[in-house]
């Protein structure tokens, strides 16, 4: 197995510097800027006191997500989805993933008939925008729930535990944690893993970009992801202490 | 671990009866009706002697997929996407998955500057439509490539090996192979696995529908999937012999 | 008047072999595969216990149709309407025709405030897809009504009689019944006729593709259509006996 | 057969007063306001020195039509199609009919690689808007062709003869020529007939709104239509003399 | 300051001939054809006995406008917005301006919970279509209100005063009133001014097309506009006397 | 004239604290975060080495703008335009204004056949987002032009001078500079003014929200705006020195 030189002399199993800034904007019930190195995503949580049609009268709430990328978040400008008149398949895939991941740690009955909208908008993209979105959206959702508790609108928290996400991949034969854009482009296998604070899987999405990957390679990747997510959960916890 | 009673006394690690009918319609270069029990998908492969913009002048070809469901393929009628004016996020997610899976076994350089369109249309849906689509689309693609070889348009095959897919899941604590709709609805964890004929992974997409799942559960599911896909590849091979 | 050689030595006033397969799929209240030679259309009838806005509170029901063509139903692949984001003018024209034709033999008062959706999806197209759709949709609608009667949801049938449709046209000077695609492409005049079992007209749509046509030619075409539809009604009746 | 009292003491086989005003607006190559009683349609013909994709390099031209209705052309305001973001099925059906009807009297080879766009916009609607559109569009097209001849862009006319259209219908058992809105709403059978100046059929579209109609009724309607169209062609000719 | 020769020897501070024709079409509650020279706009006012969502239950009414241009209102044909599937930014900007301008002279409380829809459709365009629309829409709205008063649906008028609009601009250094298309194309500064009958501003929209303009130039333009609007209000008053 | 108490004891003719942060994101040729108090807009300038169709082969360049608002930039969440599938009329109006304003200080010939895309995305909205966008977009455009000059792609600057914008309005009788959201909601008259560094007008858009406004009021507003813009231009200059 050859070895791949990462930027900033990062080790293969090392996260990029992660920064979580709460209350980044003023109006949302939860507002978090999360940075994984040069990747920066603004995650807001908005509470709406009604639910979509399929939940009306159920006594249950709903948690949903939308994802967007500013046109010049990337190296070359991409079209604005609002101007093109539709969201790409990639965008929809990502926002569905974020929504499912957050719902996995919510007891919708305890949330009551209200909706938490999670908006994840990428200010700057350098790989891992979907995993940063999930990790940041959890903190924003926690802030929104804390506000509902403080306001007496909720008696007990509907949040069952932490959820966080990281990407892993095999680049030139080396399994790496938390891929940057340049690593993502050149990788053979790319896997996004979403796990709970308790160390269980919420989502595993592995894709062979080049050659198909072996069971042994998957095992190595899952191990890396587990390490990274455990660190991210600790960072979420520290961030929420302040 | 409790045990779950499957329909038709099916064993937990047993595929539904699979039928692959080639040349199901007359005009497509490849046309396959694939049945996984009551799930029936028509997969056609159409060869077009040009490529999309991002491949023009590259000397490489392209393989892409579209997916659709007839409005009454399901127990209750769903809206026709053409009438609503857009494809759902679910539809786009599935057709992107089918496209990536098939490209994983294609050498696009050897295909030359032409496109193979794979259309997977669900006639009847009883769970597993995306995995049936991938498994059937491979056979349709093989037929289309054989026609290109027979017509002298290709000198050697661009197909690197088989690809097939199966769903696995945990229902009431029991890991099951090839979920029917009723099982899919009630499952805690749902995983779609795409593998090559050589036994390597092309895609792994696991989702906790209820509780998050453990590494041990994932291992059990991957084992089941491996068994199922190995059987599907054999069925593809037999089908292509005739 | 010159004479035109048809495929399979078919006579000018002869229908292609017609096959009507009921219960073709499992879930719809009516599900019919109708074949006019190589043209194959799946017609399903779905009962919905509500009506569109313009019928709400009227005590009357509604019968409506949608039409689609699988992308590779035809000799060369056509774009998927769901992917393009809209139905073509041709598609809308056809589904409006199917809807009007079926409503012509329904007593909407007797149907009660419910909707019958007729979905006509072309699996393979060799000319006459709209006439096959109407002829098959009638059988599917009958099956759905029979189910409503059997379930006690209807006391008496809202169906006033049969309806069926056929195309006729003038090819190289010869009036022909039930045009195949190759005949349709080359014809001077193309007429679609929809009639009731009692031999009255529901729709007549004649179009001069090349030269305008005379009254005498129209009379010849109407005669041919009457013969064809009478045979189709008999085939519908036989099919419904089983 | 009972008898129906028409407005303004009109006879059953009598057209409403028809007025054709050429050069109604200043910029179009042909611009005609046509009035059938209270129905008023502005038909413009615009010449564009290029053709759509399917005619490029063919040496042939194209004739096409678009149809629209001002929101308050009707008794109650209808939605603006541009604001709703799509044309209705009815609109598309009508503009396809107008286009086919006009192409029936054009030799596209003689037109050369240019397009004539016919825009038919209904200023006021009292039944028969599609037949007024066709009848007026012919005059606008003739004016546009005359301008091309006068400018030396065409050596000989590509127009093969007149085309005009009228509606006929059976109201309370009486066959009537040129239905007004109130008659159209209450009619059992509605037929639009498009014929050439030479008395041949270009389009016949008959629809049973209530009961299906007999061959004898159709014959009566076709006779009425023939009379009306012959009068319209005379009016077109007189209008073009000035 | 050089001087610019206007068509028809028009003075720099002179309006084009303005004609206001009421009851131009038969069905709308108000229907006005307004002509500013060769610019012709049909303005209809339609009363609907309900209000949009944001006014429901408020006891207040609503006044809104839509704007359209017939495809061949202009020198060269422009695309039909209904066919393209969306209104241009320019169209939306204009219809929002018309709506705001008319609401400025309406007491929405006195209107009661009903909507007045103003449809401004350009039949022929030679500059100034938005100012003609506002000026004509006022007369149509007045007619619709008069009808509501006559029908006893309103006890007192909700109209607070006149509103009218005109364009002014600087062409080759000369400030001009009421620009024609040819002047508009070549102008350095273009300003649309909307004023009440009492001489107050409702909207001022000035744009430097070429060089930025000075305060002195703006003052000259505002003076011209004031003169023009005062004349237009007189013309509205005369028109409403008949 | 009564007096209105502003937040933070701001004087009537005082700007909110303005902050201009260049190089806010890493990839764009110009990237500016501009803050007018709590209003925060990210303005990026992206250079593309091609021009839209209407400029092809002209030797001239193009400058264009797009505007967006993050869903939770505002007090209550608004729908994401990309998800709704179209940009609102307000959005289009604003981005057209930004584009025109910036083009007013560009010599498009000197820019050469390339496009500068200005993307203005509102992170947080407290009134004045369009004027902050224009003021910030100028700085981003200047940075992008400086880069083109530094890279030798331009020999001389195509920028003719500064452009900046501010809102003014009359609140409870008092003319105020730089309205906050709460002031904007309650104001009688709202005016957005765009001026060059040389003190000439590029755009003036005044709207009577409540009562129409007098010439004297307009004069007071224009004076305020002139003062504010002169201060903004100084701030732009200081920002560009660093």
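All chains are identified by letter, namely A, B, C, D, E and F, in their written order; residue positions are counted from 1 within each chain.
Basically, a residue touches a chain if its C-beta (ideal position, glycine included) is under 8 Å from a C-beta of that chain, and two chains touch if they have at least 3 such contacts.
The model shown is predicted, which means the values in this text are computed figures rather than measured ones.
Both chain B and chain C are touched by which chains?
Correct list: empty, since no chain touches both.
Where each step is a move between two chains that touch, what is the least number of such steps from chain B to chain D?
When the steps are counted carefully, the minimum from chain B to chain D is 2.
With chain centres taken as the means of their Cα atoms, state the distance from chain D to chain F in Å.
Taking the average C-alpha coordinate of chain D and of chain F, the gap between them is 51 Å.
Quick one: report the Å distance separating chain A from chain F, using the average Cα coordinate of each chain.
Chain centroid spacing, chain A to chain F, equals 33 Å.
Measure off the straight-line distance from the CA centroid of chain B to the CA centroid of chain E, and report it in whole Å.
59
Where in chain D do residues touch at least two different other chains?
Each of 85-86 in chain D touches at least two other chains.
Using the touch rule from the top, order the ring's chains starting at chain A and going via chain B.
A, B, C, D, E, F
Which residues, counting only chain B, touch chain A once they are in their complex?
86, 89-90, 92-93, 95-96, 100, 104, 191, 195-196, 198, 200-208, 211-215, 218, 222
Where on chain E is chain D touching in the complex?
25-28, 31, 38, 40, 42, 44, 46, 48, 66, 68, 70-77, 80-83, 85-87, 91, 117, 119, 121, 123-124
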